[in-house]
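First chain A sits with chain B, and in the next complex the same chain sits with chain C.
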Partner chain A sequence: MSIDKKDLEHVLKLAHLDIPDSEKEEFLPQLQRTFSFMKAMDSLPLEGVEPSAYANNQAQFLREDTPENQADLYMEKNAPDWDQGCFSVPQILSGGES
Partner chain B sequence: MSVKELSSKLKNRELKAVDLAMATFSKIEATESDLHSFISLRKEAALLQADSIDAKLDKGEELSPLAGIPITIKDNMNLRGEKTTCASKMLENFVSPFTSTAVQNLMDAGMVVVGKANMDEFAMGSSTENSAFGPSKNPWDLTRVPGGSSGGSASAIAAGQVPVSLGSDTGGSIRQPAAFCGISGFKPSYGRVSRYGLVAFASSLDQIGPFGRSVEDIAYVTEGLCSHDVHDATSVPAPAPQLVSALTKDVRGLRIAIPKELFSDEIDDGVKGPVYAALDVLKAKGAIVEEVSMQALVASIATYYIVAPAEASANLARFDGVRYTSRIKDAANLTEMFTKTRGQFFGKEVKRRIILGTYALSSGYYDAYYIKAQKARTLIKQSFDRVFANFDVVISPTTPSAAFKFGEHANSPDKMYIADLCTIPANMAGLPALSVPCGFDNGMPVGLQIIGKSFDEATVLRVGDAYQAFTDFHLAKPEAYA
Partner chain C sequence: MTEFEVVIGIEVHAQLKTKTKLFSTAANNFGDDVNTNVTPVCLGMPGALPVLNKKAVEFAITAGLALDCEINLTSVFSRKNYFYPDLPKGYQISQFDLPICGLGHLDIDVDGVTKRIGITRIHMEEDAGKLLHQGADGIAGSTHSLVDLNRAGTPLIEIVSEPDMRSASEAKAYMVALREIVQHMGVCDGNMDQGSMRADANVSIRPVGQKEFGTRAEVKNLNSFRSLERAINVEVKRQKALILSGGTVIQETRNYDDATQSTTSLRGKADAHDYRYFPEPDLPPLIVTQDWFKTIKEALPEHPVAKRERYASELGLSQFEIKVLMGDIETDTYFNAAILVNTEIAPKEICKWVVGDINALLKETESSFSKTKLSSAHLAEMVDLILKGTISGKMAKDMIGKMAETGDAPAKLVDSMGGAQISDEGALLEAVKAVLDANLDVIEKIKNGKKQAAGFLMGQVMKATKGKAKPDLVSKLIFEEVKKR
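Now for the complex of A and B:
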């Protein structure tokens, strides 16, 4: 099982990634070679093994939900487009109706 | 000069922190055009910081041994008011809104941050060739890579630009460049150092750690780095370990396991030779060395190149042109803004890994790849648990080869991925792991990796420091920068 051109197009859509055709042609064989590594997992006795998302089994904790760090977090400075205290983005719905 | 020596000179006022900072910048200015270790420098802020340390020392205040020591941090760690680019066009103009806990801890101890080090884009790579701002060079041979992803942090130490630096290690990104540049590099246990303010690559694997010439320098910096942090839900609620006092230079009775899977045919003979010689040194000083088998390690690279890209694909979803400085011009609609911004401002390796990770997490492939990799991760952890029931440390080469030439793996990412063969297992199992220089292969440094039990940083550093007491490879410097 490996990635083919159709999978690549689907994944690019899922990942919100628009890349030129030249990169698709370059990446596809590279990705296929990387997926060939994955065969190594087939040699392991994985049946009945519990998956691990983390290395440690410690319980994760939550902190108190209290406001802190009220300093300027440079949202405006880092925003590509900032308008009246909001991040401004291109139109979401196509125009026409009003 | 070591951290201990600098600290003593600063304390007894033979040396001023400002003069040390000035000398550091002079060295950087004289060598940086060759090496490109840095993405940015902060001379004015660093001198002000050094000046305030001098004022305190002049008054006779008792400060941390780290006070006044210059350090550089990898450019994926936030430092309020300074740019944090992650060596990406995506964050080329991003200004840090706050300071990462690890960096804050060191600044609270009085360390002087001189600049931000070059790296592979978003910490993805093994050579710094993926930096959007050009690669760093290996001070031992400028035609060779310094390793990666924390390559700038390593080249800066090897060339004597700064005494210590910080990197981050997700699959070997501290240990591999340390090995390539002939210096010491340490990844503490997962959870030991807060990741708050470190730009996330693969959150279950990322860990901040120091580079230095010696293990003793690393012990000082690690003590300053560690703290429990409520801003990182995976930070362990434990006090910082006492590491400098653990450096007893004694390895008598130490039980060392050497897994045959990490001495396979993929490891160059020129690397194996110095590693076996290092084991002989430890044996001669009273350690017991035994070969073991850890079968699950054969799937380390497979496991890593599913788990890390899967987590990265989620973490990097936030870079969409809305909040983080870079956005394409004249997008017709929101979707086009997302897709074209990401396509244009991410580099090739980052895009490849986002594709890999998205595919592994997508419907129909999730069980076949992602869950399978998580199960393999369990087996890797269990194989360490079994070995550590009978041994104190696991030792292996740090890398399969010494530093390679620029462009050698440019069109073969899969060949580049092999560079992580020996380092990935410690990330998968969350274990502390150190690389120390142990010899040369055709004039290029070779690294010895020491992996310890979870949260047993003290034993790992004790073994590395003892090895450095018995040998002098860590004192070797590249001729051009001696």
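Now for the complex of A and C:
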């Protein structure tokens, strides 16, 4: 699988990143090289090997359903805009849309 | 004209009744002050790690077993990536290719016909926060929004059905049956008005006889049975008109507006979501051991279908009574508490009051079985007083209003309401004799066959005893005395 400029622009859009064309030219070959590393796996004998998402087979740790009192998290100090005990965010839909 | 067939699949999000959130120890409470039930995990702070709630897993499996689903003892959490202000991490932890429950089914009843609806899967995921839009009623036209993260991280199960429903009324019946299951299995409170249960309907139409499905539109966030039914009908109408005028339905998400009775597009195809699911690196696979699975199975609450059968065969309740009890978990819980207070009383005697007068009174006073001051223990006491003859049914009717108002015990109210019913034969006989002596002409009438004339005598005795005489006893005494004369 090779990656072209369109793929890169799609990923940038999904990540809400906006970069100039010159940087796209710079990053695209880097990204293509990264993906080509994966091809190295093709040389391994992987017949019958299940794909795995994790490096080890550790099971998930579970927690009892007991509430804990939370310390003051000073949320207002982490919020760019704080109003009536809430994070205040700019308009979500732009003007004309509905 | 082309005849169309409607095809509906439903996704239901049900909030689990755990004390804490899915991945954090913050309280899972509706209606608390904004941003009070949050931890660094809920906020998506760097370095904060999710730890899965054991109870949420048990609830998800319980729901799966109640819907006859295959249970996957190994399941995997995945990240669903998207940006929205109610999602602090920039991704939702959900399950994707290996959910906790696989294929199952639910039987629904529409107009007396049973139909089996397939369940595709049930997966666990976390809810998002809540947006409070400012400057307008909804998101449209608002100037900015406030974010309350109390709901962020609330455990949800998403129950996905097969596209097996063919009408809005089948969709409603499915939702009703599903709500009954999650409520009676104790996994979700089913409060649709508080958003504890929300439905998205996938709606498409196809010419009758066509095998392939038409393109579907997903109608979002239907939070009542009525809006589910209406939204589907509105969407079907839209798709029919569109196709008949030569247009094509596009796959998209649509919002239903109850006020205008219309659905509108939420996201165009151009920015269709690309969620880039991948296995959640912070959480290893969830493995349910055979032992744990066995414990959950053994602790399963009674299935609603079995409960209905037991109510009919063992308790002798009518279909109407069963419908009322099963339709509202609070009513059912109250009834079950009341019949345990005094097991000498036949449950049917208790049920009559729960389903009848008390239910009506609570509706009228906008109260509910969980809020009323009339406790289940007091109800049992009152029914006991009726069965012992201490009070009449009529007195009881007045009494429930007073109990709901004051929370007083029936025994206390008997006195303040003018004392117990007179069921002492000797005392009543005096009153009956006095009335007969004063109404010799009426006695003649009864002797001549006009038995209904006894009603007048009954009225006189009641008047003399201020309504406290036990009616059946008075009636018996009147006829006995008339015979003697």
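By definition in this document, the second predicted complex is superposed on the first by the 91 of 98 C-alpha atoms of A that agree within 3 Å, B and C clash if a C-alpha of one lies under 4 Å from a C-alpha of the other, contacts with A are read in each partner's own complex, and residues count from 1 in each chain.
To be clear about the criterion, a residue touches a chain if its C-beta (ideal position, glycine included) is under 8 Å from a C-beta of that chain, and two chains touch if they have at least 3 such contacts.
A quick note: this is a predicted structure, and the numbers were derived from the prediction, not measured.
Enquirer: Should A:Asp65 be classified as contacting the first partner (chain B), the second (chain C), both, or neither?
Expert: second
Enquirer: Give one of first, second, both or neither to describe whether A:Gln84 is in contact with chain B, with chain C, with both, or with none.
Expert: A:Gln84 sits against chain C, while chain B stays out of touch.
Enquirer: Touch check for A:Asp21: first (chain B), second (chain C), both, or neither?
Expert: neither
Enquirer: More residues of chain A are touched by which chain, chain B or chain C?
Expert: Higher number of touched chain A residues: B.
Enquirer: What is the contact status of A:Leu31 with respect to chain B (first) and chain C (second): first, second, both, or neither?
Expert: So A:Leu31 only meets chain B here.
Enquirer: Please work out whether A:Met41 is in contact with chain B alone, chain C alone, both, or neither, and reply first, second, both or neither.
Expert: So A:Met41 only meets chain B here.
Enquirer: When the two structures are overlaid on chain A, which partner does A:Ala53 contact: first (chain B), second (chain C), both, or neither?
Expert: both
Enquirer: According to the stated criteria, A:Leu73 is in contact with first (chain B), second (chain C), both, or neither; which is it?
Expert: both
Enquirer: So in the superposed three-chain picture, is A:Ile92 touching just chain B, just chain C, both, or none of them (first/second/both/neither)?
Expert: both
Enquirer: Looking at chain A, which of its residues have contacts with both chain B and chain C?
Expert: 10, 14, 16, 53-54, 56, 58, 60-63, 73, 75, 78, 87, 89-92
Enquirer: Would you pull the chain C residues touching chain A in the complex into a rising list?
Expert: Checking each residue of chain C against chain A gives 18-20, 25-28, 33-35, 37-40, 43, 51-57, 76, 81, 83, 85, 131-133, 139-149, 264, 274, 276, 278-279, 283-287.
Enquirer: Where on chain A is chain B touching in the complex?
Expert: Residue list for chain A touching chain B: 1, 3, 7-8, 10-12, 14-20, 23, 26-27, 30-31, 33-34, 36-41, 43-46, 49-56, 58, 60-63, 69, 71-75, 77-81, 87, 89-92, 94.
Enquirer: Tell me, which parts of chain A touch chain C in their complex?
Expert: 10, 14, 16, 53-54, 56-68, 70, 73, 75, 78, 83-93, 97-98
Enquirer: Could you list, by residue number, the parts of chain B that touch chain A in their complex?
Expert: So the residues of chain B in touch with chain A come to 93-98, 190-191, 204-205, 230-231, 233-234, 236-237, 295-296, 298-299, 301-303, 305-306, 313, 317, 320-327, 331-340, 342-343, 346, 348, 351-352, 354-356, 358-359, 362, 365, 368-369, 371-379, 381, 411-414, 417, 427-431, 454.
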